[in-house]
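What follows is a group of structures, each given as structure tokens.
After this come two complexes, each holding subunit A, first together with subunit B and then together with subunit C.
Take a look at the complex of A and B:
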């Protein structure tokens, strides 16, 4: 009897393994091999000048050294972080507010479904199309400038795309607009997971809505909140399409809106796989460190408890 | 049992489907052995530099040649020229045709985001080994990056002499059009039917209002050199006109007249004339005599209408004929309100060069197409009359210049050919380098920040240097 059970288990295990094959192959072919390859490539001088191939010559850590000593990397990292913070703070505030409203049964909001769909819609547009739209809207002779001039607010066109903070503002605004719907839905899922009796108990005890939000919703929402924050941070570090299209790949003015991935993309013109590889590896490490920091700081209670 | 079979099959197909995706890369070289016997003769061509490439292939009788002619283009301009002017060409569809029993395939890759060059970069190096029907036979290039493809070491474009085209065949072409496609060893590797010498296109109404006359001779005096040009810019600004639509309008004029190439001994050097463009442009932007808009943007082209209030554009015949919205009756072009003068310095803009791809299996046909489309007097004249191209043929241009019926309606009846012909003689492209496209683009982009007041000249220059080294990692900066 026991033997057959074991046999069954083994047979079932075999099926488990077979079903794992598609994922494993996909992971190895499309993730692991490129990852190892990237690290390997980062130690070589390997680029094309015109149609002439230079390298690959092994140069050790030279690519890393020139990236780190160039000094630009810090600048592009800061740009990326500034753009992320500018986008994340309004986005999370808006999303928290909306999801608190949507999940609050006492408000009895009408047309919830409709609004949930509407706020998610911007995310369905391709980021590049969205950036192109804004590029046209905010051009010197675009509709926004025309409107502002006709309203008498400005006397001559304000060139949005040649000022540091207006470009950054536009990028942050676009990203915020595209992602707040997504964040709202994630946070709502988290809030709906909080047992209703907690709220009831709180209101019976005479807690105000503000108190309920900060004392009950927020603490219990923490796991989801951290998840949202980390995914948004990783997404933010990989910010590319919106500023790339909006600034035509230049990161103007004076590369103040050049993100890390845009910088990576610059190396692909000369097919500079060595330098691009080194940059990617550093980005990977950076993402790891930042995620760890966020996790440590926001989940400090949980970490303590485990200890 | 049956269930088991089904699940095995499902798992199997999923795995197979994924692996199929990886198969693509392996397929490409596969057909090579099948035809390896045929191109044995041309195999050495891959190693030997162009000058010594045996001309044996070119001399091969037409009967042995390939049945498919593949042509790499970025738009339908050349397709239409061949359709309209090459004897014996029959179009079978928008992107295919026939010359005798040879099928012509037009492979269109747009220039946007460097896609056209990326495509050439991937197909040309392996062209010798491609199967006969897949070989690229002709590809087109633009001046900005022509040197990249006509380079002797790279050797992807055949020297015209290997095709049997002689200097005498090309004697009526302008020198600059040959400079653009001449490699370091002096071998010519392309040919163009256009001579895109350009001039200053001015708004006649603005000229009358501000300068008191719209006569080309008078206007030329007001823009004869950069000092006069800047003087006139002030007058234009006083009357509410922008001198040019953007600083990038004048860039080509300055950059075509540099005294040395962008790169010397692997170091990037800013030429005096380029620096002069920066200084002149900064002064103009500060005085609100021009803007920093990009070429081809809406902000740039608004001056094609009277409300745009722009005095002049710099451009060749094709800009006048095809880009200034002449078909819109409300535009200045529609009313015939432009005039053309030489301007401060001679320059050219655009043009398409035909190159024979190394490894072509249709050398005789390729030779005939190049000769017919770029040197035949009758065809050249036909192209000039039908398509308004400023053709690359001194004799034909001379004839057109003296023909009063060639007045251009957009230019208020002015005949531009004499001026364009004179201009084409003046253009000197001996200082081009393979880095020109990258350097010119990045320089204009970086300086935009200086003009807009976001950076000092040094900061903008620093940004330019960085961008160029990213594009060409082998270069050094000062």
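Take a look at the complex of A and C:
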């Protein structure tokens, strides 16, 4: 009796493995094989120069060396980071403020559903279409220049797309707009998880609202705050659609808005597989390190629950 | 900034403060929220207005009054050089099939981990979480090589099949199952003699409907908006999706374009998603944090 039951369970549990088959096949074929292929390509010289195909010749780590010493990579990495910081700081400030308001019981804000719906909306917009929209709106003869002139703020059109900081500002602004709603909702979940008696105890002890925010809310919010920051950084490293469309892939003026993925895209289009491979591997390592931090902070609990 | 926080953080300390200060703080909160709302919607308002105006009207400068040329602009767009209707159908096909396959198989994968016991289960789970953050861009080179090796350029299959293995959707489903899929129900169905595959399809899937709906919407939107990978493998004009066509429009000598038509095309890519979102917003905003993040 005992034995047949065990046999039954074992037969049933085989279904667990069967149900894993589709995921495994799709993962191996469309992610693992491409990943191995990418890493493999990074060790080869393999590009087209005019009509002549060079390689593939094995050259070891030379692609990595030329990327790291070429200067372009550093420049594009810095651009990507500048754009991320310009986007993240206003985004997190606004999100902290809004989530604190939404979760504050004494404020009793009305119409919260409406506001949450509105602030989340830009996140679902096609980034390329949004960038194209900003490109037309901020063109020299576009509506924004038009409005500013009608209001008498400027006397002649300001060329938004030929100045370094206005292009960067537009990219950062668009991304901030697309992501602050998402961040707000994540932070709200974190804030609602803080037990109310913590606040009560603190205020009974005479803590000021500022003290409560920095001594109770922020420390207890730390795991989710780190999660938000690192996932935003991982997303920031992947910044592509908006600057690509806004600058038509050039990152101009003077490649000041060229991001790492735009650089990768350029190599992929010119079929320089060696360089594209090496760049991909570097991005993978960078993302891997950052993911490890997120994993430590947020996913380790979920793993513990599976026994 | 610090000042704002001080004024507006959750706390019971507020009870001691006279109510007038709460009124002031509430007023400030509403003013900021209204400004933020305007900042979010302003761009789409201009887009809508400009899509209704003719090229000539647009050239004369901006007004807040919509014109009467929306149908004319759309008509020109549909009969223009870029096959946008085809692009929209392509986008729809890829996004719909991706959303369906992704949610079905992610639920199945989560079910395997949640319900069954087998050697190495914990390892599998840890592994899937570990690969969650690998960006698709990083494997793009290998993916393009694979697709051209299979002679599947200009084919939607690789783009759709790729979505079957989605660690993030899997994770959401797994979290949702922990609290919404009672093991006793599965046991009961087994005693009634139902097969495992049948139990998954007729008992587990219906119970997972709310989670599936939320993730189907997100997968659909992500696929609808996806530009990087499709642009690398879809080259034939008739197979391109909307984001690729937007990029084409940007790369063209756009100054000679009929601007009414340009705005109509952007509107054509953006507004369907907005309309669907507004209809389903209750599910989306509510479901956002239901399973995704540790709280």
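Just so we're on the same page, the second predicted complex is superposed on the first by the 268 of 307 C-alpha atoms of A that agree within 3 Å, B and C clash if a C-alpha of one lies under 4 Å from a C-alpha of the other, contacts with A are read in each partner's own complex, and residues count from 1 in each chain.
The definition used in the following text is that a residue touches a chain if its C-beta (ideal position, glycine included) is under 8 Å from a C-beta of that chain, and two chains touch if they have at least 3 such contacts.
These numbers come from a predicted model, not from an experiment.
In the superposition on chain A, A:72 contacts subunit B only, with no contact to subunit C. Once the two complexes are overlaid on the shared chain, A:159 sits against subunit B while remaining clear of subunit C. Taking subunit A as the reference, the larger set of touched residues comes from C, when subunit B and subunit C are compared. Contact with subunit C, but none with subunit B, is seen for A:126 once the two complexes are overlaid on the shared chain.
Once the two complexes are overlaid on the shared chain, A:186 sits against subunit C while remaining clear of subunit B. In the superposed model, A:22 makes contact with both subunit B and subunit C. Touch criterion met: A:34 reaches subunit C, while subunit B stays clear of it.
Of the two partner chains, subunit B is the only one touched by A:254; subunit C is not.
Residue overlap on subunit A between the subunit B contacts of one complex and the subunit C contacts of the other covers 15, 18-19, 22, 25-26, 29, 136, 141, 248.
By the touch criterion stated above, subunit A contacts subunit C in their complex at residues 9, 12-20, 22-27, 29-31, 33-38, 41, 93-94, 96-98, 100-101, 103-109, 113, 115-122, 124-137, 141, 143, 146-147, 150, 177, 181-182, 185-186, 188-194, 196, 199-200, 202-203, 207-210, 212-213, 217, 223-224, 227, 231, 234, 237-238, 240-241, 244-245, 248-249, 261, 264-265, 268, 273, 276-277, 280-281, 283-284, 287-288, 290-291, 294-295, 298-299, 301-303, 305-307. Across the complex, subunit A is touched by residues 1-2, 4-16, 22, 25-26, 29-30, 32-33, 36-37, 39-41, 43, 46-47, 50, 59, 61-62, 105-106, 108-109, 111-113, 115-118, 121-122, 124-126, 128-135, 137-146, 158, 161-162, 164-165, 170-171, 174-175, 178, 190, 196-197, 200, 221, 224-225, 227-228, 232, 242-243, 246-247, 249-251, 259, 262-263, 266, 269-270, 273-274, 277-278, 281-282, 284-285, 288-289, 293-295 of subunit C. Interface residues of subunit A, counted against subunit B in their complex, comprise 15, 18-19, 21-22, 25-26, 29, 47-52, 54, 72, 136, 139-142, 159, 162-164, 248, 250, 252-256, 266-267, 269-270, 272, 275.
Interface of subunit B with subunit A (complex): residues 7-8, 11, 14-15, 18-19, 22, 114, 121, 124-125, 148-149, 151, 153-154, 156, 291-294, 297-299, 302, 434, 438, 445, 448-449, 452, 454-455, 459-460, 463, 466-467, 470-474.
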